[in-house]
């Protein structure tokens, strides 16, 4: 059984307008997202800016109210507040944020930052608590002298590791990492990614890893979902996505990744422009009249794509399994 | 745009209604009545009761309120008991005086405050800047009325440069003479008021200009090869003046509040002085009308600010 | 799972004392200390601070030794006694009352009102702003309507009307009345900062750590805007000293017989008094100016301190 | 690749820029030598805080003279920019050198229409009339790939998306067909797809105008895709310089090599990423002498470093600072398995 | 302006001349210039010119060059004499008064003054919907007035015009006659005219707000109004239709100046003198400073008002409208009251603050009324010993710090007084201290002086216990009959003092015998002595009505007999010197 199952999740923000300031429309930030995360895996969520990645993450963890859909955890729907409380859900699911500075309260010492979830979920005495904090610091490779310092006294990479320490404090089963390294320099990014992997190995944590950097995602994740305009357009293993992208959007995204091999850059560029051309041409077919993606269709046991109806029919006939519908 | 304004106006209505009820009840709760106070040796108390009855002062409050509102819609704010005159007329006379003074003060305030604030910001950190800031600190630390009193003493009495009471000289004749005389009467209070008003503007503008000076779009303009003085003109001032422009509407509140002090010290027959007198005479109709009017003006001020802001700032402009 | 953490690290209970010591050595000084350091670096501000603290203490203690009803008794023989005489260091007012004593007791009264007003209105304004800004949505909308309404009320006029209504008003009722009208500025400031602050990830982090809203508001967000609160409170304290004096000047402040800086300065509403009996009002006016100046000076220093802190905050190290 | 004609029109000689911090001047850029030719893209890479932007703004002459101390020579088409007065500089800025900034939202005046902001640069550097300027604005907007130029010209910055805004900034920078375009992290705030488009636009423009471009970035991918020549900066100094293929195919300096190695790549999917130990010292703590990168490769003996590291030409204009590159090896390359874990 | 002091009442006071004439001769330049008069008042004037509708002194003051509509000239003691706008003839047996206008009486717009103009004020005052506050019970003595006042009759039947409405004669028929009718300011005969023709068509209820009353009023006096700046100033020039002496000064302006600014304004020579004449209310505290102004002389006359102590000794029966004394009230004991006055040491206060223009009063009739004022009355000279013994005798024994009432119960007395200046505040405190010395626990009602409105609304309640003793002032009209304040049915009898003897004494002031001036004066003095013996109301202070007058002014006189105040003025220079 999966650790957590997200089913048809929708988050709509009302747009107010008109004379009486009524709700005239919705921003469909997340519009029917379905995927499962297995225990101990890193699940990648990729998409361009504004595609609804963060909103999905927030809805899963309960920071944002879901408009529709369910998030099943231990057989209960945790989009409901009382279920979250009953399950101590926020002890099992933690979050790492993109902006390490803003995610650490600048007025709190590191000890208090890391101890915050401990104080809420595990009622340790003062000594035990301090010990735990020290241990956590050690795990993320920080010295004990960090204990009474303030967040701004650390570098971006160190801060991000403090964020990891806080997230790990309550032995979570799942950590949602929303672009944990996109604000970091290359070498620092490597540091944080290494730690995340290490901790995962040690504690068997699952990650929902959100990023728009396909290089990083490839490095981190086994399963990947590509999102655009609030919907998932393609889900699959790393191999499926990188070697056999089927949705036009995925292809375009992959083509846009800068190639570090200088020698092929003209070829790469040509390839990208070709894809771009195809994308412009086929946009109409790959999205419905509301410019939304179509429902997902299973093209292989691990690989689902939001194909246009004509193409989808082909695959539906091939596989007895129905596509995971939105 | 018009819709936004209209919506704002609609929101104003309940605020005005609540304000009017509040004001009315407060006025009613004041001790004494407008007639008993005027202890005329020949006034007959029976006559006073009679007058109270005529004016409906024995009715329950909601009925009095309702009557008052009904009259309000006919542009009738009632009669001033003290002045034996329709409140509307009274406020028209006094309101004009206050309006002139307020307008003049405002013109002076901005006329002095804007250059001063820019000057300080332009010379950020230098002696000139320090001097301006010392001026703002000191002015801010002296209560307004102390400045008024000292001002009237020095320039009104000791130096005898300006008249010390009234809004126009009794001797002034002709249109030109009257206008000049009126101006003569508001120069000193206007200047003193402006002395105070500028403090906010100077501080605000100074920090706005300094912020703008270090902003990215100024850097962009510099990289375009625009000379600094043109950058000041086209970018920095323009962008810094925006919040100030919006501030103008809100400053009405301050001006009106200050008018009570100014008019008292300068015996300037405006609405502020009228209010103080009305309080002493328990002239309810005048009190209610004035508080309501001032509230309404405050409301207009905020509305004005919002509108100005939505006109000058494309970011909040609503199509 | 608990064992996992211990497994993954070599740190055990035995190391606790040693590590704590290490940490303590490297501990960053608290903000209070930083602020204090900032004051020490700025001599005029330090002088202002001492002056203010000393003055407030002096006034409070000294006025304990003054028999106020007796002091307020008239001695018509001392009518406008000149200053610098043995009985009247700073002269006397129309009632033959010693200006020095009135000044001391008056300062105590005025400062108490200002302090009371600042505490009440700031506390209210801060809570209002925090709650309104944190919850947002409908709560915010409703609270903003109230705020809007309060803003359009002509404050001075309404206060005057209320003061004339209340039959037996005194320093406390006056403070309460004033408090009704002096929280809005603070609340607006706090609200807008809270609004910005609640968007920050550390709030989200606290929520996901299971911290209650109440705690988030007062333990997480409030400390972060504490510099703003301190600066605002200091500056409004300076402003609030002026409020009472203004009302007293108009004749609607403290009742006669309760000395205050305002009633003393109100002696200056007669141009003749200004020059001839200058000692009746000038000391109070000077005192207010000095008080307000030093308070705003202190406020400025605090503002600078917090700015520096922000700059430091952006540094990597 | 385009033929580069060999006329160097910008040569930066021994430029240092120091900032005043607590009354003392500290070098943020020290002794930088660079050349830019027509039709070429010179990329400057390096981690955050190494002085890339400082160098760019030094070329543009945008530093506050009271807060900075600049020395050296910036020879631009025969004149030393550093000797120009404000008036003289204003003739160069915008006209001959255009600059593109990182944050496209704050770099545009929120209260001015796009059209006015683009026109402004022409007002000061051309004799075009209003009509001609408008025509040019439309032309420029087309050039940077904006679909509905007439409409966009009348809009305000907040009404545009990040990618569009960045295009506007580019339009401003190229409005007067400058010889040199300095692009300071033009795509960092953007998505990959938009980033690719912007880079395309930049390259097209360069071809059209025969301009030289200084492209500042910390994204090695971007460099690899676009740059003709690359300068790698570390702690205010250039540590390696060469053509793109020299830098990516045969990196020499330990810093360059470490950087390339810490990138997640197809072939290290399941490995640990390489981590450069330690951190860049802050300006005040920068060592005055010696190799600035030495503390971060402690396993290389001090003897391998030069006392006063110099740039060495190792052939084909491939420049490397310090001789240590000769002795450099990664720690895991000797002792198998025992990977060095940085702090 | 002489500094000599004289004794009148219980205190010393300056005696000043009612007239002032600056040095030098009047010049044409002077007379052609503008006479600048200050109306010292803290509020703008309301701007009602219509003697029947005026409610405050400022309005009368600023319109006074217009003659205030006065019908009669007055002589000594404000007795009505001939040669004014009209003459008055009293016919006691027919119970009529005949008012005959002079032949050349004209309004400032040239219209004739008619008999209807004499009658019209009665219609305004008595009208059911009037805004006038002048109606009082005495007017009911005019036949037909009661039913007109009740709205039952359209006209007042008791006022007739023997030679027609446009003639010169008006006859008023009374149901009873009073000797007070001989004096201006009595409450039977209204002593001004109103221009009926001019006002015709304006409902009486709307008269006060009409522009004919406020903006373009017409006058019968020496000057006509050129301009009125509402609330601030009036400007005048000679009225060519004036029947009397031609005025010499060509322009007059009267401008409002606040009390606080007055001295400074005079110092900078902005004004020639203060408006109000015999009613001027310049504060006594400023007198010494004004006296020091070298370019100004001081002229004044005893004021018609006085300050008094009142004691709450009863209540008003709301059914009968009569005041009733309560034997058990706290202040019922007259020795307690007398002791308090004796102990108050008013003299000390007045010496300190009165500056000689306000002084301790000895009776309840001010010295302005020379004939009836009891100058010999000793009043309540400070005598603490006597005060103490009075209390001891009456059984107010000390128990601890304070005296108790004769029954041994705790006694706390509340003083009610109005907020005013710092000096009056000091005064109240001083009285409290004096009473504390006497052993009485006297406190201020509410702990502080009361705001004027609360003060009067408390006192005028039919029954109240929050004020036991109060300080108030009263101003008489030019006719001194005291029934409106001390009468058994008088609402202003706020201490509710009512004895048979008082009623009888006051009746005797205006009974048939009182047509004899000597008898009347004698009864007045008797009444004054009686009031002091009861001490339910006790005199506090008298004062002078005075004004600084600039050196350039000649012919300034506020003597009551100067019926041509304005025409007698002339100027020696073009500006105040």
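The letters A, B, C, D and E name the chains in turn, as written, and every chain counts its residues from 1.
Rule of thumb we're sticking to: contacts are C-beta pairs under 8 Å (C-beta built on N, C-alpha and C of every residue); 3 or more make two chains touch, one makes a residue touch a chain.
All of these numbers come straight from a predicted model, not from anything done at the bench.
Distance between Cα centroids is largest for the pairing of chain D with E.
Of the two chain pairs considered here, B-D and A-D, the higher C-beta contact count falls to A-D. Centre-to-centre, using mean CA coordinates, chain B is 27 Å away from chain C. Per-chain CA centroids place chain C at a distance of 51 Å from chain E. Between chain A and chain C the centroid-to-centroid distance comes to 47 Å (mean Cα coordinates, whole Å). Taking each chain's centre as the mean of its C-alpha atoms, chain B lies 40 Å from chain E.
Each of the following residues of chain C touches two or more other chains: 164, 167, 269, 271, 315-317. For chain D, the set of residues that touch two or more other chains comprises 279. Residue numbers of chain B whose C-beta contacts span two or more other chains: 30-31, 153, 156-157.
On chain A, the positions that touch chain D within their shared complex are 48-49, 141-142, 155, 185-191, 193-194, 197, 212-216, 218-220, 238, 252-253, 255-263, 265-266, 268-269, 272-273. Across the complex, chain E is touched by residues 30-33, 35-48, 51, 54, 79, 82-86, 89, 93-94, 153, 156-157, 160, 164-171, 267, 269, 273-274, 277, 280, 282 of chain B. The touching residues of chain B, when paired with chain D in their complex, are 215-217, 219-228, 234-235, 238-239, 242, 312-315. Of all the residues in chain A, the ones that touch chain C in their complex are 58, 61-63, 88, 90-91, 93-95, 97-99, 101-109, 111, 116-117, 120-121, 127, 130-132, 134-136, 138-139, 143-150, 152-156, 163, 166, 168, 171, 199, 202-203. Every residue of chain C that touches chain E in the complex is listed here, in rising order: 72-74, 76-77, 79, 93-96, 164, 167-168, 255-257, 267, 269-272, 276.
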